[in-house]
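First chain written, first letter: the chains are A, B, C, D, E and F, and each begins at residue 1.
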Amino acid sequence: MKLLLANANTTAAITALCAEAARAAAAPGTEVIPATPRFGPAVIATRAENIIAGHALLSLVAEHAGQVDAVVLAVSHDTALEAARQLMPCPVVGMTEAACLLACTQGARFGLVTFGGVETYRERIAQHGLAGRCASLVGVDATPQEAVRDRAAVEAKVLRGITHAATEGADSVILGGAALAGMAARLQDASPVPLLDGIACAVTLAESLVRLRLPKPRLGSFAAPQGRESVGLDAPLAAMLRGFT
Amino acid sequence: MKLLLANANTTAAITALCAEAARAAAAPGTEVIPATPRFGPAVIATRAENIIAGHALLSLVAEHAGQVDAVVLAVSHDTALEAARQLMPCPVVGMTEAACLLACTQGARFGLVTFGGVETYRERIAQHGLAGRCASLVGVDATPQEAVRDRAAVEAKVLRGITHAATEGADSVILGGAALAGMAARLQDASPVPLLDGIACAVTLAESLVRLRLPKPRLGSFAAPQGRESVGLDAPLAAMLRGFT
Amino acid sequence: MKLLLANANTTAAITALCAEAARAAAAPGTEVIPATPRFGPAVIATRAENIIAGHALLSLVAEHAGQVDAVVLAVSHDTALEAARQLMPCPVVGMTEAACLLACTQGARFGLVTFGGVETYRERIAQHGLAGRCASLVGVDATPQEAVRDRAAVEAKVLRGITHAATEGADSVILGGAALAGMAARLQDASPVPLLDGIACAVTLAESLVRLRLPKPRLGSFAAPQGRESVGLDAPLAAMLRGFT
Amino acid sequence: MKLLLANANTTAAITALCAEAARAAAAPGTEVIPATPRFGPAVIATRAENIIAGHALLSLVAEHAGQVDAVVLAVSHDTALEAARQLMPCPVVGMTEAACLLACTQGARFGLVTFGGVETYRERIAQHGLAGRCASLVGVDATPQEAVRDRAAVEAKVLRGITHAATEGADSVILGGAALAGMAARLQDASPVPLLDGIACAVTLAESLVRLRLPKPRLGSFAAPQGRESVGLDAPLAAMLRGFT
Amino acid sequence: MKLLLANANTTAAITALCAEAARAAAAPGTEVIPATPRFGPAVIATRAENIIAGHALLSLVAEHAGQVDAVVLAVSHDTALEAARQLMPCPVVGMTEAACLLACTQGARFGLVTFGGVETYRERIAQHGLAGRCASLVGVDATPQEAVRDRAAVEAKVLRGITHAATEGADSVILGGAALAGMAARLQDASPVPLLDGIACAVTLAESLVRLRLPKPRLGSFAAPQGRESVGLDAPLAAMLRGFT
Amino acid sequence: MKLLLANANTTAAITALCAEAARAAAAPGTEVIPATPRFGPAVIATRAENIIAGHALLSLVAEHAGQVDAVVLAVSHDTALEAARQLMPCPVVGMTEAACLLACTQGARFGLVTFGGVETYRERIAQHGLAGRCASLVGVDATPQEAVRDRAAVEAKVLRGITHAATEGADSVILGGAALAGMAARLQDASPVPLLDGIACAVTLAESLVRLRLPKPRLGSFAAPQGRESVGLDAPLAAMLRGFT
């Protein structure tokens, strides 16, 4: 099984980090194909960057259409997830989406701990229709740079965030954002509740979907584009909008 | 991997039917262990039966605690799902729960088609926190008996139900209830949207969860019972309420 | 009027306590008939126990079908309430349900104070469709044992919980759980808002419903079971599933 | 027990009709005291009339403050209910409020059938926080005049509305509006679900509340007004805004 | 353009204050016509006063029907807004309504800071259907009297409330209540987010609506009253209920 | 006042059409500056096109940053609205957003009529937090081509859609999509409720916001980007991500 691991920012080091996590989670026989967009933000931290990265991501996945069995979006904002899902002829899974859906099988409500602001995560979870399953959003006061420089101190902060989420009713906690990659494994023993890593969740969920062999919808807003004209787009993306002949 | 397929009604023929579907969906290496409760309703069609079957199901899964890697509840009402999840030291997945969660990866909203009344499905989907993802609930006017006697006519009705759900905005449709087992495969080609079979969804989701190796929560309302006393229960269930050690 | 007061756990002392409260609240002419299940948990504190107790409760009420004018469920989780309501030919009222409904007549929003975790109360209130009327859920850090041993200290804690709920917008407060029985009367004078006792609320509400003489629905998911077969159940419960005649 | 039955429109014939229904529902020993405002709309059919009637109703109940044990608002819009509740030193119950709350004990969801538009009922039920318990709102195309002139035809229409609500999931149906007074009793036998009459529900609920002897809140937005100055109001209403003593 | 600025309480000094704010916000060519009711509460601080003031406000605006191009309700509770909107042949805008709608264009969610209790604001925002856009309601512990006596101290409290709302996710903050009039301008520089003044928002929104020249609905619950009879009302209001011609 | 009218698709004819509508709605002294993206879809009809157009739109508005007083997005999907709002130092208004907000001042609930599918409008309105104010979404079975070829027939269909929305409770109706531009004026007389044109609403709302002179938030997810690095973007957009100075 070929699994496209599509980053939505242009930082290849983050793609590599996510690919490592994806390979660790993948079943035997799953080939992880990492990919980084050619344009867009270095890191997605604002609404504007997220929109731009959406286009970059669609360009990226379009290049691989027909050549992979599934796509995992390696971006914690699930950037352009629904559009990529409509566009591609294979399953597409977002990492936060996957973590939220699997968290639903771990208890009644989940929490999410990340660095910095939580409002865009709140909105994304609401767009996923899962606001009622989310007990707590915790924004830890730390930066990716601090996480590298002073790992122990930052991980202690994250653990306090996890515990806070649990006391607010979270039966499991999602660690959101590339900067927290790998922490789930290191903090799990000290955590009162299961910790969910978005990449691992997305990889296993994508594998499940490949095995279920569901066709794409032919009706509605997720039916593949057909006959759509455009200007100035990369050839593969423009071709997908026109549809397969 | 050992997967307990726990029916919640006492009709062994339905257990067998579900086991067949589970084996068809299971990955190589997954052993499906079907099980039928010793007491309770022949079929669950009322609120009272669903409560009684919940106890029967807990008794049943308790017998297998520690001997299986995961549990799939082969009952479309997800009977006693949360309680079984709390009780068992392994992942537990409900078939409608699984279908709903995977349907979330197929589009914006899903539909559900079943025989007879839909109100208890509406409630269960709301309890799963997914009411906002459900576009349409269709109760087809047919009985399991008719489905056997006049399969073509009933499947035509179900297909009309599927199409109706799609026009109401469903990007995928769940076929709910044991009486519709196997129909997803037969009707898929004629359906405008992907059809989800609860057993297949639950089996793959359970396999995913086993591979993720998440620990159980030690805190909150899903932490395993400990020191709970009871009267007149089957020994394995009473033992699980008291807790291990 | 004969009022069945059905406990859902097997501790007769709790049944007796609730019966005393019920008699204090009942109108002249109301006979309170206390009943305790023959099997199930000693106390309901986990999801698994609640499911088991649901079966036990249905067995218990089935024994009294046709012999009582109404049923009050003396269990703060409203265990198996909807199923008992479907099953019985008379009104059935849950104690937390009743307290919530009557709290709606005391102001805009209510609070609930109980011992320990509040998540299952949050879910139950949401299932009652009343989440929007609930301003605050307070879990007091105390046990039933402490409430007996050091009543003054625990009641001071409960009063702080009540006041907290009021500052969060609760115009009235429900005291939830058998362990808080009787506290409403003792703490009312010191409380800034009215305190609701579930048993008292349920008894008066049941009496009201008896006087209204509403028929049971003949359609939908609350119509009485008819012709339902089962295995291994107590004779009265099995008979009710088959239906009268 | 003295029960003020306060109409909110100025049509004494409607007050008399409601008083008759109230007396039929009241327990022995309950004295029903009907009252009609001195100013305001003849019938409340618009938003503007409902606001004006709110003031008229407050003036009316203020005259009886301290002289009655409870108040039932005999107006299907529950006009000024929350304000009257704040103002009066005794329980105050609205007829649609009461019907909705008691309908919650009859099944999962209820319907409401009335003459004409349903939007303001939709809003009122949502303000009561019970939108999730309402399955169906049916506006029958008929007028109070027609109901008098051609009772059989109009009642047939209402019965079709009731049946429609039941097929949409209503386990019980509220008949809303004075023009449908008395129909519940006449249509009940033909109805597949229980029919709720607002006046009967409100009277029994008010009697229950009187027996529970709950104090009024001293905190929050339902605490009685104190020291509020006004201009040009009836003396009793102005006095209540200033507070006692 | 003639803009009626209708206060709902009887304190002319507050009308004057609001008129000053309205004139500061109005476009050149907009004439602000302040008006104060002849009866009702001096200030609206309770539910009962708000209902009474609703009638007073309708009487007041009815006097100006046909003589003004739009109405702004200068009362932070948006008292009788929907009724005035139905009644009047021109646009009617509430000051908190306007602030909430314009706040929606400043970010994802807004906050509201006021003196005293926030529960009635919570309800009003929910009635406006905007609960999901409201991040935070802050009740500052201060009185209008203190705001005059010790302006600096009270404004410091308000600023702390604003900052708190921002940390809870508010991208803008509404200052609610006449007692905070003028503070938005003084505190804006120190505030991390834009501050919205209800009067200014309502005036500009009303001007926009006048320019859009939208007709009134002829159908539904906002169609103008026609042929409605009443007793004891001011002549202009009674005339409007009967309808023109 | 300079008002940038930013189309999000690359069809200049649609930009011109919208500019004409904008100029008709604009106040004297408002200069409308139409602009069309250099890349992206010819028309936005799919999820993928909407994402791509989002990037194109941000590139477009970034070119005008600092040179205009406000931006109106002339695209019925409110494409990239929140991102543009974060990015630009002036007010940004979406045409469907504006129509929804102003519709809130016309009654309780609004409807929306458009050509084709309605699901993405349903989602957008929900993201605006206004699902509770939306009574009806009507997808008319017609194409823009038909609207040109057989205007009378298509407008009759749209009018039937409007009337249907009104009977479902809409007090006003938004005509959504460029293909319905101009219809509001032509159909208004025959419509039972006011019709809202997105461009006209957005222009007047933008003018209001300019006059209110609200600062941009310095905190939260709408604070302007600062120091954000990117690859391969147009110079103005890259500059705005880095921030001023």
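As a convention for this text, a contact is a pair of C-beta atoms (placed from the backbone, for glycine too) under 8 Å apart; a residue touches a chain by one contact, two chains touch by 3 or more.
As the structure is a prediction and not an experimental result, all values here were calculated from the model.
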Size of the rotation, in steps of 5 degrees, that lays the CA trace of chain E over chain F: 180
Identity of the chain that, by mean CA position, is farthest from chain A: D
Centroid-based (C-alpha) most distant chain relative to chain F: C
Centre distance in Å when chain B and chain F are each reduced to the mean of their C-alpha atoms: 44
Chain C and chain D: spacing of chain centres that average the CA atoms, whole Å: 27
Residues of chain F whose C-beta touches two or more other chains: 82, 85, 108, 119, 123, 169, 220-222
Chain-level touch network, classified as line, ring, star, complete or other: other
Inter-chain touch pairs (all): A-B, A-C, A-E, A-F, B-C, B-D, B-F, C-D, C-E, D-E, D-F, E-F
In the complex with chain D, residue positions of chain C that touch it: 25, 27, 82, 85, 91-93, 97, 101-102, 104-108, 128-130, 132-133, 166-167, 169-172, 188, 192-196, 200-201, 204-205, 207-209, 211-212, 214-222
For the chain C and chain A complex, residues of the former touching the latter: 118-119, 122-123
Complex contacts: residues of chain D adjacent to chain E: 10, 38-43, 45-52, 54-56, 58, 80, 82-87, 117, 119-120, 123, 127, 220-222, 225, 228-233, 237, 240-241
Contact footprint of chain B on chain D as seen in their complex: 108-109, 169
